[in-house]
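Two complexes follow with subunit A in common, the first pairing it with subunit B and the second with subunit C.
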Partner chain A sequence: MDILWQYQFRIILLGDSTVGKSSLLKRFTDGVYSDVADPTVGVDFYARSLDIEPGVKIKLQLWDTAGQERFRSITTSYYRNSVGGLLVFDLTNRKSFEHVREWHREVSEHILPHHMVYILVGHKSDLTRERKVLRDEAEQLAAELGVRYVETSAKCNSNVERAFELLARDIYELMKMGEISARDGWDGVKSGLTAKVLYPAEEEREREKSCNC
Partner chain B sequence: MAKIHIQGNGYKSGDEKSLRSTMESLVGEESDSLGSDLELNGVADKYGFIGGSQQGTVDTAENIPPEVLRQREVKWLEMLNSWDKWMSKKHKKVKLRCQKGIPPSLRGRAWLYLSGGKVKREQNQGKFQEAIQLDGEILFSLLKRVSPVAHRHLKKHKIDPVLYMTEWFMCAFSRTLPWASVLRVWDIFFCEGVKVIFRVGLVLLKCMLGSQEKLKACPGQYETMERLRAIESCYMQEGFLIKEILELQLSERDVEKEHLAQLQSWKESHGELHCKSPPRMHGARAIMAAEPPSRQDLQQKPTIVIDPAQINNSEKKEKDKSKAEKKRNKKDSTLDTPEDQPVPDQSQPMHRETFTLQASNQSLSSTEQDTYL
Partner chain C sequence: MMLRRRSSSCSSSGVKGSNRRRRSSSNTAGFDEFGFAFVKRRERKVQHRTHDYSYPQPTAVKVKELCELLSYWNGASFICRNQIERFIRIGIPPALRGRVWKCLLDIETVRAASNFNYQVCLSEIRQPLVDLGVSEYSIISAISTLGDRENEMGSTSAAGCLKDDVPIFRQIALDLQRSFPTHRSLMGDTPEAIEGQAKLFRVLTAYARYNPQIGYSQGMSYIAAVLLMLLGEEEAFWALVVLLEKPKYLSELFDSSLKKIQHHALVFQQLLKHRKPQVFQHLEKLSVSSVHFIMQWFMTLFTSLPCWDSVLAIWDLFLLHDELGSSSSSPAPVGCEEQTEHPEETEQTSAEEKSEASGKEAVGSSGGNVFARMLKAAQRYLADTAKQSTAKKRKSESKQPQNTPMSRKGQFTPQDGVSAATDDSSPMPLRRLRSGPVGRVARRRSGAQSTRVRSLLRRTSRGLAQCSTSPRRNSCSKPGQYEASEEQRESPHRISSPEHTQLIHQIITASSPSVKIRESQLI
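Moving on to the complex of A and B:
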């Protein structure tokens, strides 16, 4: 049977309501954007796979959480089972930027002693005239949190792909280094059925296979 | 359609879907402001709603220039910031601004303030989060009897009920089912209460996960959740769904019994609840019993004049029919009362036809006209 992916990463989107988490996800997974959006109620899911390097397909399982405070107690239980998180804020909404720290703290505390790989995403970069957060400030915050920063627009399809890919790569690298690994009872990282051996060996095998064909 | 962008927790929204979105912020709060009196222009659509375009028809009555909308938004934000003062000192202004139309981007929030839902929510912190989770446990437990196969599958894959039923319950299926089915479900829901919501949930779970055959399509946790998110339309179709929920044996007592059982196990695993968990709302009769109204309270306004001849005509025929006769006679009524939706003017023969059509149809079927009856 064909394997569809070697690894699966569960990634969660975090941030205030209306910053555009669902739009970002819809753009990334379905390639569409709509001006009309309904708020997310509870939790929503998306999936897409990425070729992280030749022969290695990663399935990203993307969990979209409602940003509203009142869903917080429902969504917190899903932090733990995620390996990566996009901390999303709205470049035209100062408050949402200020809340990033809180989101980061809340999630990090919740998953102790484990860690999550984050990326900071300044969204709605197309609304240049209404921008309320400078790139410098955002980069500074990212540096403080020790995460990458990227500015995106789901509307203009700017950097959306890149944001997810950067995060997936960071996770993949950490996995290669042995900092992150699949473990029982944790859904953050899952291995596909055939990915038994370590990476270089696996790659070789893949090559051999294709030679034999 | 003007695109609006607002700071804070206002969301982007076009006019079209604003009711739906707004409803999301109201369901779960005790609010009854969903009446159509908020929108005064336009005639009733085929579902008896005024002004709403929930079926996706794009016929915006007014096209408000973006600059005007922006101004209104600013004014509304100011108003919401000192709501108490505005309500006590400048109520007239509030009223006027409501009449002009609340900007779509702030409508949800405004309704929350106007209806008192905002205060209720603040005063009951944590209540609705617990309530939805408890409802999830109740639903899941009830599923054991309705579809052991589905129950076992969900349990095996550790799929927490809140993952699939939050939107179902918080929006009373308004974001799940096709609109025609939403209204039919709500018809029964208003009359019979919350057990109807549980029934719909159980029917959908059974239909999607109720046999080994069906489970083949979703071997894992994620696939299962995906399957539940994309319910096949045949199961949500009005006729099928209504028949199923009416056939499902689930009484108020069953729900309450399970409620108590789940409350107990909740306390064991999570400790005491933040708020009391009162019995679930069990429909119109329970509502009336809780607060017995006077005859006068119940009087229909505006009064519907019934032509006695017509009553005799349709006497002993289907109850539905006489209702329709009443509606048909109500021509120039004002729109003050949300419960009396005006019916688009249709000629008498047309209605006669509708009756025969209705009579020959099984009672659960959907025709374009039967929502009037």
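Moving on to the complex of A and C:
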């Protein structure tokens, strides 16, 4: 298989049932949105690559998890092998916001002694009238948890790219600083074939190839 | 993975063709034969269930015969079961499917034997709900109310008896609109849909009461919704009970530990590794573990597949085969599986129970596993197709004879019908089928349904081409590799053991929303 990315980050989406995790991912990876989506049974899998800076392509491997408590025994096994996590809540559902703290705690405790890079995502920002969570509150929570905060809408395609990009950037920066590095037996970060190894001509050809699709 | 992008954006000729066919139907608003709404073209990527179905129906004579059979149905009788299997092979007319399922599941007996009363249970549930100001007819508001009440549950005395139920009810309410959101009985806010959702709510909540240990798990709503499409409300409830409680069906699958499904996944992983190492390696490389698609397949009972007639055909077979049939047909020694191609998921259950008993899911012990046979058969089937793909193109597809010389030479001898002399080596149900007068009839008839199966297959692959959407905007690709697979897809689907191959084909290649194993990857 051709490796056209320099790094692969494994990212997991967390949050209550029906906050819109799958919709967010479908919008991000496939550019589509549907008013009604099937509930995720178990774990679902998506991928997309991002150009994080010129010449550096990051492949994001995205794991969608079922929100129902029942599937926790399955989804927890994915925590450990993820480098980043989107803590998603529904801006129109107060409860899902209150649960964010629990999600954060659960995951953080589970992966000790390692850490995960999070981003807090307030989803369904298009439903302004039904909004139950204020921006300030969410920002406050984000500050408390020491994470970034973004409000997104899969329906209007607002900020979806940004949310994933911010997270990927954070991880990338931490990686450059050496805080995060690929290690054996951990799939959170993987490095692919770097551009430097390729001869320029070959790189060119690779580029062309990738354009064909 | 890349193909998915290609098929949706650039699209090869084959894909274009199928899009054109579809376009004409989607412009006419309405529902397909099974009640799924035609959707706008731009939404087709996310909603893939509708199709133009055109498969041959059994003749009026056969339908009459089936009706007669159902009128004197006796679930314990071998003859009845053989007869019904014969009809399932021909294809059950949709209008009669509800009756057939009722018979196969033996709902009446279970209901009579149980001291659980559905209506009483409903009224028990309804009263406290009314106190909470929630009704099953206003699901949307019910969700938020239930959400709020969850917090104050401790203080409210009226709701005291519902305390444990509320989180479950809330989850059920959340899933009502999301299970088959394009089916006419559940879609939007028409009176039919409101009633449909209320029914689904009642059936699921009643089941959560019936078996509080299991309660409600995502996935169940699909199964219950399918049952409600074909059966009356109370019948659907009992059918759900049978499916989720009987060991021969799905018992333990929805346990809160989810151990069984993980076990299934491990077994499948091993089978894949040994039977289809290439697919296995490919999935490994992509870090896709079998649990990702197994859960979708099993916990929704294959309703995530795109073609509804195929889903129903799988259900027909699933409901028919019980442990008795499956255990007798799953041979213990590994070497025997050559003769057994009998893909029902039921068998898998029993086969796995066996392997569980033996301690490990080593390949040897799961040799009788249905997936072993499915994979094997799929392998041979696909190898055959590959050989022929270059020679014959789409035109010949419709004229393709059922049994080509190759298959007669023994690729699928057990199911081949014509060469019935090797009876002894074939699995139990088939052996029964093939001996005696019933067997002769079945043999004759199994030939008759090849067209139907072929059409099913074609549609599945078309469905795949069209709905193989999932995500994965993945920049690495080998275009050439996938072109080949495109060609494959257009190649004639030769049927040697029609229904079995069909099932295998569908189960293995059909697209589950999560992970799609493609035909090309199987080769």
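Here is the rule we use: the second predicted complex is superposed on the first by the 190 of 213 C-alpha atoms of A that agree within 3 Å, B and C clash if a C-alpha of one lies under 4 Å from a C-alpha of the other, contacts with A are read in each partner's own complex, and residues count from 1 in each chain.
As a convention for this text, a residue touches a chain if its C-beta (ideal position, glycine included) is under 8 Å from a C-beta of that chain, and two chains touch if they have at least 3 such contacts.
As the structure is a computational prediction, the values presented were derived from the model and not from experiment.
Student: Overlaying on subunit A: subunit B and subunit C, fit or clash?
Tutor: Aligned through their shared chain, the two binders clash on subunit A.
Student: By the touch definition at the top of the document, which applies to A:48: first (subunit B), second (subunit C), both, or neither?
Tutor: After superposing on A, A:48 lies in contact with subunit C but is clear of subunit B.
Student: Of subunit B and subunit C, which one contacts the greater number of residues in subunit A?
Tutor: C
Student: For A:76, is the partner it touches subunit B (first), subunit C (second), both, or none of the two (neither)?
Tutor: It touches nothing on subunit B or subunit C.
Student: Please work out whether A:30 is in contact with subunit B alone, subunit C alone, both, or neither, and reply first, second, both or neither.
Tutor: Only subunit C; A:30 stays clear of subunit B.
Student: Thinking of the overlay built on chain A, is A:191 touched by subunit B (first), by subunit C (second), by both, or by neither?
Tutor: neither
Student: For A:127, using the defined touch cut-off, is the partner it touches subunit B, subunit C, both, or neither? Pick first, second, both or neither.
Tutor: In the superposition, A:127 touches subunit B alone.
Student: Between subunit B (first) and subunit C (second), which, if any, makes contact with A:61: first, second, both or neither?
Tutor: both
Student: Given 40-48, 184-192, 400-408 or 436-444, which one is the stretch of subunit C whose C-alpha atoms run into subunit B?
Tutor: None of the options clash except 184-192.
Student: Taking the two structures together, which residues of subunit A meet both subunit B and subunit C?
Tutor: 17-18, 35-39, 41-45, 47, 61, 68, 70-71, 73-74, 93-95, 187
Student: Of all residues in subunit C, which touch subunit A in the complex?
Tutor: That would be residues 1-2, 5-6, 10, 43, 45-47, 144, 147, 150-151, 167, 171, 174-175, 177-179, 181-182, 217-219, 221, 256-258, 261-262, 285, 287-288, 291-292, 295-296, 299-300, 304, 469-479, 513-515 of subunit C.
Student: Could you pull out which subunit B residues touch subunit A in their complex?
Tutor: Interface residues on subunit B, with respect to subunit A: 1, 3, 5-14, 16-17, 20-21, 24-25, 121, 126, 128-129, 132-133, 160, 162-163, 166-167, 170-171, 175, 221-222, 225-226, 229.
Student: Help me check something: in the complex, which residues belonging to subunit A touch subunit B?
Tutor: Interface residues on the subunit A side: 16-18, 35-39, 41-45, 47, 61, 68, 70-74, 77, 92-95, 124, 127, 130, 132, 187.
Student: Which residues, counting only subunit A, touch subunit C once they are in their complex?
Tutor: Touching subunit C from subunit A are residues 1-5, 10, 17-18, 25-26, 29-30, 32-49, 57, 59, 61-62, 66, 68-71, 73-74, 93-95, 187, 209-210, 212-213.
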